[in-house]
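All remarks here apply to the structure that follows.
Should a chain be cited, it is by its letter among A, B and C, assigned in written order, with residues numbered from 1 in that chain.
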Amino acid sequence: MLALLLRDLRLATRAGGGFGLSLAFFLIVTVLVPFGVGPEGGTLARIAPGILWVGALLSCLLSLDRIFALDREDGSLDLLATAPIPLEGVVAVKAAAHWLTTGLPLTLAAPVLGVLLNLPEAAFSWLTLSLMLGTPALSMIGSFGAALTVGLKRGGLLLSLLVLPLYIPTLIFGAEAAKRGAEGLAAGTPLLMLAGITLGAVAILPFAAAAAIRVNLR
Amino acid sequence: MSIWEYANPKKFMQTSSWVLPWVTGLAVLTLLVGLVWGFFFTPDDFRQGSTVKIIYIHVPSAMMAINCWAMMLVTSLIWLVRRHHVSVLAAKAAAPIGMTMTLIALFTGAIWGQPMWGTWWAWDPRLTSFLILFLFYLGYIALWEAVEDPDTAADLTSVLCLVGSVFALLSRYAVLFWNQGLHQGASLSLDKEEHVADVFAWPLWVTMAGFVLLFVALVLLRTRTEIRARRLRALEARERMA
Amino acid sequence: MLLTVADLAVARGGIALLEGVAFALAPGQALILRGPNGIGKTTLLRVIAGLQPALRGRVELPPEGAAYAGHADGLKATLTVAENLAFWARIYGQRDTAPAIAAMDLGALADRPAQNLSAGQKRRLGLARLLVTGRRLWLLDEPTVSLDAASVAMFAASVRAHLAAGGAALMATHIDLGLAEAATLDLARFRAKRSAPGRGDGFEDPFDGAFA
């Protein structure tokens, strides 16, 4: 299992691995927002937590189809399915690798981009905390979507269509926690819900995703 | 005689061809009675005027939008556990109907909301939940369309339906948490003080029964089509091999 | 027995290909599957490897007994030869990749990224992967594609060593490996029979058959 995690991390950071692409996308989306809504500081400060959450979510979405499609193309997925580690474990490890190379960097970058959007000072810690709790769920749900579409030639667009509705609860609780924190309100409930979604996703979705991969390999 | 006999497509086709005209006739009759009663023989609401009458389409379609997904969840589970093809084909057949019901509920809601709240759309929890439900239907149908092999598609969509149900429920609570809305409470309930008066309730019950019958008729019809399409596919495949 | 197959029927894309396949492999035995393209060699191997469900019949092999090598080698282009091999070794709980590198003569290429290998060299790396699995039964699908004569001989030697060490191999191949100890199974006689249209069977799926 550890070998698989290390391999995926190594692949992501080598040339053509796509590491940093989603980070760059996050930066560009954040920069585009003031061009769209105007440079007025108050407006930006008000919408900043939500924009950063939506931006992180979209950046996460970009790299989802790589999770299984590349392994499927070069035959690794067949070999992993016949290897002595359970396919559920393979899914969980690959989701973890996706989070380490996408969710975690996005979480760390969000406060920096918050400066560009005039994010209120009180919100920085809440935004980081909510992303830290929520992005693992995004990776796990995304892996499930990637498992559903791994057998398709051009599954990218369909993958987005399937995954985005599943992202809604995570987005609502995450952005709500960051927003409430920014306004000095109690953010405990949304944070707990967010942690609950992440734990539930990590507990259940590997089984659903592994079942989908087995169906797709037939 | 057990319900599982209908897993045999021949048995299903025989019985449904006999049942379908009756259900269709009954659905038309019930809807006619319910809608005419509701539209022309109930008084205008003292606050809402005649716009209240959209309730006879809005509430039944909203109910069927949710119940249709529930039916798809049950039939998908039956497919995953017992591998009965008719079951999963019924889920496939029901999805576009459910999506249409969701759309009808959203549109009639907008038409009703405009005079009542002064806006076509508000990010009210109930409206938002239905919009999210619409997205779930869209994804489910798109996955059926995208996968070539019918059994693979059946497996994948059933898994999606299961996981989607959990997340749809979760979305419902998230949305409630996110925005307290304008929408009135449930129109019909057994224990609540605040529900519609009996003059409105009776025709509403009738139209709801009509929508249920209409739904059953449409699902039967579309399942028959799906079974025939599957048969055509099987015969073609055999023809190619021969 | 390392592998027992009894009355096995397999299908691809909903169409039955083979039926009544039966054979067994004991330690030290090799079996070569033959038959024209499309008869179902790959499907049969995938069913035995557990990647695909069988239509009917039994496949018995000890748990975690088989290593499968398909058309694709499962190599990562940006990892070096040594890294690729070390990864699969660790997945199978093995440590030592040196014998595999030596057996497939990959020593000089060990630090080269897999994307810079020729097709034949990639294939050799893919076969070296089998050696690091530690599995006793090898399921090989066209193992000699893009190999030159010298590499084929190298591969045959490692199969022979595997058999001598108590392993077994089941492979689909068209070329003669010069393996004297290998038996041959012609799949043509297991070709699924198709009844005349309108007879009601000939459908892989009982659901489809239920109409006729």
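Operating definition for what follows: contacts are C-beta pairs under 8 Å (C-beta built on N, C-alpha and C of every residue); 3 or more make two chains touch, one makes a residue touch a chain.
Since this is a predicted model, take the numbers as computed values, not measurements.
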Category of the chain touch graph - line, ring, star, complete, other: complete
Chain closest to the assembly centre - both centres taken as Cα means: A
Whole-Å gap separating chain B and chain C, where each centre is the average of the chain's CA atoms: 48
Chain centre separation (chain A, chain B; CA means) in Å: 32
Cα-centroid distance, chain A relative to chain C, in whole angstrom: 37
Overlap residues in chain A, where contacts from two or more other chains coincide: 218
Shared interface positions of chain C, touching two or more other chains: none
Chain B residues counted as touching two or more neighbouring chains: none
Residues of chain A defined as touching chain C within the complex: 2-4, 7, 10-11, 14-17, 73-76, 78-85, 217-218
Interface residues, chain B side, partner chain A - complex: 132, 135-136, 138-139, 142-143, 146-147, 152, 155-156, 159-160, 162-164, 166-167, 170-171, 173-175, 177-178
Chain A partner contacts - residues on chain C that touch it in the complex: 49-53, 64, 66-79, 83, 87-88, 90-93, 129
Interfacial residue positions of chain A with respect to chain B in the complex: 141, 144, 148-149, 151-152, 155, 158, 161-162, 164-166, 168-169, 172-173, 176, 189-190, 193, 197, 204-205, 208, 211-212, 215-216, 218
Interface residues, chain C side, partner chain B - complex: 13-15, 194, 196-197, 202-203, 205, 207-208, 210-211
